[in-house]
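Each of the next two complexes has chain A plus one other chain: chain B in the first, chain C in the second.
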Partner chain A sequence: MNNAIKRQLKRSAKRSSLYIVLAGIAFIIIFPIFFLFSFSFMSDYETYSEWPKPLIPSFKANFMIDKNSEGYHLLIFNKSEDKYMPFGPLVFTNSQEDIDNLRKFIKLQSNSKITSQKIMEYLKIVDSKSRVEFSIKKDLLANYILFFQVVNGAPKAVLNSLMVAGATILISLTIGGMGGYAFARYFFKGKNILKLSVLFVRMFPAVSLAIPMVIILAKMGLYDQPLGLSLVYSVGQISMSIWITASVFMAIPVSLEEAAMIFGTTRAGAFLHVTLPLALPGLAASAMYSFIGSWNEVIAAVVLTQFNPTFPVVVYKALVGSQGQINLITAGSVAQALPAIIFTLIIRKYIIQMWGGVKV
Partner chain B sequence: MVPYLLIAPVVIYYSIFWLFPVLNAIIESFRNVDGIWTVSNYIHIFKDPVFYQALSNTAFIVIFSVTIEFILAFGLALLINTKFRGSSMFLFLAMIPMSLPAVAVGAMWSSGLATRGWLNSFLMTFGFIDDASKILFLAGGKMSTMLLIIIIDAWTVIPFVMIILLAGLQGIGEDVREAGAIFGGTKFQILRKITIPMLKPTITTAMILRIISAIQIWLIIVLLYGFNRLPVLLEQVVLNYDQLGAEYFERIGLALSVLVAIIVSAAAVLYLKVSGSFEKEVKQDE
Partner chain C sequence: MATLELIDIAKRFTKKVWGVKKMDLKVEDKEFIVLLGPSGCGKTTTMRMVAGLEEVTRGTILLDGKDITDIPPRDRGISMVFQNYAIWPHMTVYENIAFSLKLKKMSAAEIKERVEETAAMVKIGELLKRLPGQLSGGQQQRVALARALAVRPKLFLMDEPLSNLDAKLRVTMRTELKAIHQQTNATSIFVTHDQSEAMSMADRIVIMKDGEIVQIGTPDDVYFRSANMFVAGFIGTPPSNFFNVECEYTKENISLKHSHFTLEIDSMKFQELGKYRGKEIVLGVRPEDLLIVPESKAVFTAEVLVVEPQGSHQVVAINLKEIIVKMVVSAETKVKPGDKIGLGFNIKRIHFFDSKTENRIVFKGGV
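And then the complex of A and B:
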């Protein structure tokens, strides 16, 4: 009896220490990602005028307008100082021009939108009561919108990236899928050598391929074109597709195809009507993997583009050249990261399945 | 006949878009701007002290980051493989760093490690430091710079290594280890005599993939420190090819990229040879 309790205690102690370790790891994973997202929602004022910077972006900005003999003053609530601080022009009047400038300044610096009429109303209150405090809801997506407005060519770069990814998926899934089917269903001479070379091609540094491809693509008229870049990406992605589709086809029993053939279909018919529908989710996963690979790639894109960069190149150049403020750049990075994160989470089952099937 | 027809497009594609450019690169790396055959590109590289710095920095980062990442990832994989409640949730979480694009990782850490970044803000908000004792994360010497890069790299890729190992562990099956336990093996003995030997192909895969991509580290270094602060191989390729803006340097970059390809391939073959996987595959083929 006593022993049983002891064992139980020991087990629960083990359990709880496991969960403590896991919580620690989860914290380490989430911690920096949280701040990447957090920064992307911060206004310029929060990013550059509050210290220490807020850990959680605020959802509204608090303002105060007061007045003395020189005119009106705008103040903003600074959380780190815990008091109202001067904000924008030192003094302003109730002229249309001043109020218009003020409205623009508020929008740019604190990501909050206010109309000129509203400012006028507040000024009237100040006239009668000497000061007014008010808060405006922050536009949380302002950095994301601004990133695409101010960073040169960002919207077009997204389009380029999508085109590159689309072409890469098409090429790598057709060619790689055929290869994967052959690997899964047939034994043929040189299969293992081919498997090794597929691995080797995949491992080959992208940059060592991209640089010589510059001249070759230029001769084909595809340099600085989405299609040209996707031809280079497909080299690595075909290998990946072979692995994934091979593991997908292997999981579908041959007996199903054979049964269909007994009922009078051809081998191609059996593949088309039996195997393909069953393999569809796996093929979609393979497509998503190709998408992630080409959507995230930087070095070959830097080498192979000039006026038509892909989205990661635009973010990379903004970051290296410090073209923009860090809150804008984090917004651009999150915009770039989101599709990759979402697709990875969708296909996580297949990623594990694939690595179970890959043996060097 | 059918398998060869299915394989043919792969072989043709690789010949046109892999073999041809690779051969082209090797040939062009032995020619100068005027198209004259020469080894001057390589002489330039081998005379450049920065190349040797890049080589040793890369080697240092590869050796330490791969070792640390493997040990931690293996421990994690063993832990998660116990199938505790919430393990799939945990796996879900572990997949996120692996899917983050390199530029997002760069933005994340450069906004964090700046003197007025989120890490110092966090430490200040919770009273660990005050304004005067802000930590200058990015201003350290060479050793601390490399250490920081190794830590960031570990954060990014440990989940990836862990997932490969986990897939391998799940392939082994519980029964083999149970058999080991029945015959009186301790946990450590089971790990050493059963789990690790059975996991060897997976370990080889994980190590090869990691060594190869660790050699190609560059973006996070450039995003945090800019060019030439901590020279590594691939950063030198991009610097010469893309940044210096003269055809002379483009050729140097091309020759460097050939060297990187040789180093990467040699490392992979060396690892396969040492671990004994290479002979096995070739033998199976005969």
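And then the complex of A and C:
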């Protein structure tokens, strides 16, 4: 009896310590990403004037307008100090110009929008009651909108990125899909070695191949062109497509195709009528994988583009060239990372299957 | 309907591996042929060659006298039921059955009529709107059957269609398949490794081994007149018992000497054993042809090892030093392990095989 309890205790201690370690690892991985997201929603004031940083950005900003003999004062509630602090111009009057400046300052520093009329109303209340407190809903996406407004060529870079990704998907899925089908359906000598060797092209870091790539693409007239970049990405993505689609096609029994051939289709018809519809989710996953690979790639893109950069290059340059405004950069980074994260979540089932058929 | 002729066909997979070494077979119109053999004997390969899913290495396949050896499967006028059913999971039952009809450009009304008629025949009329994933194994089997029947094929191929079903359903489907065959009269080839399935369904059974035909014959032929020891040992549950005996020939009778017994038989009836004088031959006895007799009349006595009751009958295993002999006795017979029993043979139904070639020794006087 005593022994049983001891054993149980031992087991739960083992369990607990395992979970603690796992939670620690998860924390180390997740926390920076979480902070990235959190920062991207913060206003300048939150980013630079409050410490410690809140885990979750606030959804509104609280203000107070005060008045003394010199004129009006604007104060903002600082959560870390837990009191109202001076915000913006020390003193302002109720002239149209001052109010307009105040409105712009509030928008820029706290991501909150207020109209001039509203400020006038508040000032009138201050005149009669000596102080007024009010809160404004924060515009959470302000950083994102601002990023695309202020960073040079960001919208066009997104378009470039989408074009590169689209072409990469097209090339890698057609060629990789055909390769994958062959690996799934046919037996030939050296099949396994060949299947492994298609991964060899992924062994070389892009930087080490940068100069030859630039020269070759320039000779082809594809330097600084989305198509050129997508060709470079396709080299790596084709091998991944082969592996993913091969596992997809292998999961579809040959007899389904054979039945189609007996019941009236050609070989190609059997593929079209039976295999393709069944493989579609898997092929979509493979396409998404290519998308992620191409969307996230930055090193080759830095080397191979000049006036037509892709989005990650723009984000990278904004990060390198920026002085402060971290919240703005994080907004760009999140905009860059989000599609890849979403697609990864969608296709995770197929990625795991590819490496050994464990079902999630 | 149709006749099928396989002339000297062979299939070679790699240099040394032959799927089918040599095969000649003529299937008559409306006939139900079963290809039977242990796994790896080439029966499925043969069927796939007939279907056109496997190229032949050598030989000719004639369907209704027309050479179909190099014709793609869709133009052969055949249909097939696969071992794993192979019904398309992304189509409803209706679409599965209608698939080939649509490709034949039949009108929608005709297709509907044909599908409903066929579905009713295999009793899945109410399942037409379902997807295969929502069906049980037996129902999927019926869908595969309906799909194959709907095309009204010249030749109907079935590749171990019942092997994925549970034992009880298998026996039911067996009966239904046979009834459907009687109804449609389609020339059919059925592949199986289950000899009781073959015996119960076939007009003729083709027994194969190592890529060659061992015997072609009616169920009675292969059971009572097994061509060689392989067939005698493959057909029947339990299979035949074999005794190596020495053949001593005198004018009046032949005495067959086994280490446990000596069996005297009439030399007139078994004249052909003359050339085996003094040599060793194999005596084959079906389990039901071993009889329990009073010890005074017994050819030999032995001790019962195990009794396996089967309900309708019992299987009794007897230990004879080097071999275990199995016999079938009626359910009423009272035996228990350890009993000493006297045994005799049903002389009319014993077989002899050449110990070298393993082939049956045929007697003019019958048996």
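Just so we're on the same page, the second predicted complex is superposed on the first by the 317 of 360 C-alpha atoms of A that agree within 3 Å, B and C clash if a C-alpha of one lies under 4 Å from a C-alpha of the other, contacts with A are read in each partner's own complex, and residues count from 1 in each chain.
Heads up, the rule we're going with is that contacts are C-beta pairs under 8 Å (C-beta built on N, C-alpha and C of every residue); 3 or more make two chains touch, one makes a residue touch a chain.
Note that the coordinates shown come from a computational prediction; the quantities given were computed from them, not determined experimentally.
Novice: With the two complexes overlaid on their shared chain, look at chain A and say whether chain B and chain C clash or fit.
Specialist: On the shared chain A, the partners fit.
Novice: What is the contact status of A:A259 with respect to chain B (first) and chain C (second): first, second, both, or neither?
Specialist: In the superposed model, A:A259 contacts chain C only, not chain B.
Novice: Between chain B (first) and chain C (second), which does A:I329 come into contact with in this model arrangement: first, second, both, or neither?
Specialist: In the superposition, A:I329 touches chain B alone.
Novice: Quick one: angle from chain B through chain A to chain C, Cα centres, nearest 10°?
Specialist: Roughly 70 degrees separate the directions to chain B and chain C.
Novice: Once the two complexes are aligned on chain A, which partner has more residues of chain A within touching range, chain B or chain C?
Specialist: Counted on chain A, the partner with more touching residues turns out to be B.
Novice: After lining up the shared chain so the two structures overlap, which partner does A:L319 touch, if you call chain B first and chain C second: first, second, both or neither?
Specialist: first
Novice: Mind working out whether A:L159 is in touch with chain B, chain C, both or neither, as first, second, both or neither?
Specialist: Neither partner.
Novice: Does chain B (first) or chain C (second) touch A:L108, or do both, or does neither?
Specialist: The answer is neither, since A:L108 touches no partner chain.
Novice: Going by the contact rule set out at the top, does A:M85 touch chain B (first), chain C (second), both, or neither?
Specialist: After superposition on chain A, A:M85 lies in contact with neither partner.
Novice: Quick one: classify A:I175 as touching chain B (first), chain C (second), both or neither.
Specialist: Touch partner of A:I175: chain B, not chain C.
Novice: Using the touch definition from the top, say if A:V274 reaches chain B (first), chain C (second), both or neither.
Specialist: After superposing on A, A:V274 lies in contact with chain C but is clear of chain B.
Novice: Determine the nearest approach in Å between the Cα atoms of chain B and those of chain C after overlaying the two structures.
Specialist: Minimum C-alpha separation, chain B to chain C, in the superposed model is 14 Å.
Novice: Where on chain A do chain B and chain C both make contact?
Specialist: Shared contact residues on chain A: none.
Novice: Over in the complex, which chain B residues touch chain A? Could you list them?
Specialist: Spelled out, the residues of chain B in touch with chain A are 2-4, 6-7, 9-11, 13-14, 17-18, 20-22, 24-25, 28, 76, 79, 82, 84, 86, 90-104, 106-112, 114, 116-118, 120-122, 124-125, 131, 155, 159, 163-164, 166-168, 170-171, 201-202, 204-205, 208-209, 212, 216, 218-219, 222-223, 226, 234, 237-238, 241-242, 253-254, 257-258, 260-261, 264-265, 268, 272, 277, 281-282, 284-285.
Novice: What part of chain A is in contact with chain B in the complex they form?
Specialist: 15, 18-19, 21-22, 25-26, 28-30, 32-33, 35-36, 38-39, 51-55, 171, 174-176, 178-179, 181-182, 185-186, 188, 190-198, 200-201, 203-205, 207-209, 211-213, 215-216, 231-232, 234-235, 238, 242, 267, 292, 295-296, 298-299, 302-303, 312, 315-316, 319-320, 326, 329-330, 332-334, 336-337, 340-341, 343-345, 348, 351-356, 358-360
Novice: Looking at the complex, which residues from chain C come into contact with chain A?
Specialist: Its residues touching chain A are 51-53, 72-74, 78-80, 82-84, 86-90, 99-100, 103-104, 147, 151.
Novice: So in the complex, which bits of chain A are touching chain C?
Specialist: 253, 255-256, 258-266, 273-274, 277-278
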